[in-house]
């Protein structure tokens, strides 16, 4: 597992610190992440903003893809789609990202986000590139 | 134009203030928004994080949809897809969101994000609901 | 289970007969379908055309959603997204569609398509409407 | 313009002949296509099936991308999303596909489908590959 790239993705991405997302665990082709929800994550109705969920789905997917790359490679999101399945409310937002299809140049990852229930699901296409 | 809902979407959404996004202008079926880019918006490579772009694309789309709703209604994102077309770098990130298809219960909006060039494009499905 | 609507979706949709898709089985919130692959399903490179896969993903998702609706209701696709994970080749193309999130007005369904391996995966948003 | 690949995409794709789609015109980064609608294109409600629309959106996007590739290259769809904006009915279904962002390895194309009005819009990610 390319731990160097995974650490870099988490410790040197300022927006991820700004949002307060942290890595819980990771293995070959997957990772789990968490955000402690505060008022700053809310939309106008008190629910967790879709942008918070999208950020988490995307960044966790990139991290899951990065567990499978070789040293000297890096990952970049090409596109993603997210379905917001229910209004999201809770103290913790968790995400599990799993690689659906690893590839030499493109990897597809699914991210599931949960509070108590599944609140959103995303499919993320990640490019694998050489530095 | 439902200015009350538009103001509410912008002034009472804490995550939008946390990200630093503001409304530049709006009309029937469209709006324009801006983020002054700082280090907190960056991913690990110094480019603007996909999560910032997704947040902007989604929230601007919701605002564009809200320009067309009646008093007593509100909007909620059902799903969206974003294509990240090039690495995004610049001092301002701007978004123009335009309603592609208004509807009684579902409205489809396109959001285009630019620094100097077009950096991403999203299609957002918005539910129109009664309070 | 609303068998009447399910039969109607399969026996009275001319394009589904034109493509040669048939229902294998269905239960509450899911269905399985199959296409016997012939030359007419191919794209220019001899693989199964993305349009065949999209048709199957969409129609199977609608059928899975229809297993959960009440008499007097019908289903209509709002949007879908499909990732083509590998070139698809084989004598049978099978699809399993499962409802991820049932809803009063919107239902989200995932469709997985397989020959010997998983060849594509789609997420489909379905509107539930009253006749 | 790579006319050889464009001809190949249209004259040697059996599913495209099965669906009855033809190329009307093409230029650098765009193409226009048409289907004469018959009963075989319908879903159970008499409207044009979403699978017909998806097939057209995808194949037209691939063709538009192919106008920009070099000899010895070919195109392959990675993923697409389509929003079905209104029930589609009419004697001709037309599509205009335009490259939003050309790339060395990935090209993003938008496809708009019309009968009398805009009935659907798709965003398609196309891989550019060497034979």
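Read from first to last, the chains carry the letters A, B, C and D; within each, the first residue is number 1.
Definition applied: a residue touches a chain if its C-beta (ideal position, glycine included) is under 8 Å from a C-beta of that chain, and two chains touch if they have at least 3 such contacts.
Computed from a prediction, not measured in an experiment: that's the story for all the values here.
**Student:** Comparing centres built from CA atoms, which chain ends up most distant from chain A?
**Tutor:** Most remote chain from chain A, centroid-wise, comes out as D.
**Student:** Which chain pair is joined by more contacting C-beta pairs, A-C or B-C?
**Tutor:** A-C
**Student:** Where the centres are mean C-alpha positions, what is the separation of chain A from chain B, in Å?
**Tutor:** The separation of the two C-alpha centroids amounts to 20 Å.
**Student:** Which whole number of Å gives the spacing of the CA centres of chain A and chain C?
**Tutor:** The computed centroid separation for chain A versus chain C comes out at 28 Å.
**Student:** Could you give the separation in Å between the centres of chain B and chain C, each centre being the mean of its C-alpha atoms?
**Tutor:** 32
**Student:** Could you list the positions in chain B whose residues touch two or more of the other chains?
**Tutor:** Counting only residues that touch two or more other chains, chain B contributes 78-79, 81, 83, 108, 125.
**Student:** In their shared complex, at which residues does chain D touch chain C?
**Tutor:** Against chain C, the touching part of chain D is residues 8-9, 12-19, 39-45, 49-52, 54-56, 58-59, 74, 76-84, 87.
**Student:** Where on chain B is chain D touching in the complex?
**Tutor:** That would be residues 81, 83, 85-86, 100-101, 108, 118, 121, 123, 125 of chain B.
**Student:** Can you list the residues on chain C that touch chain B in the complex?
**Tutor:** The touching residues are 78-79, 81, 105-106, 108, 125, 127.
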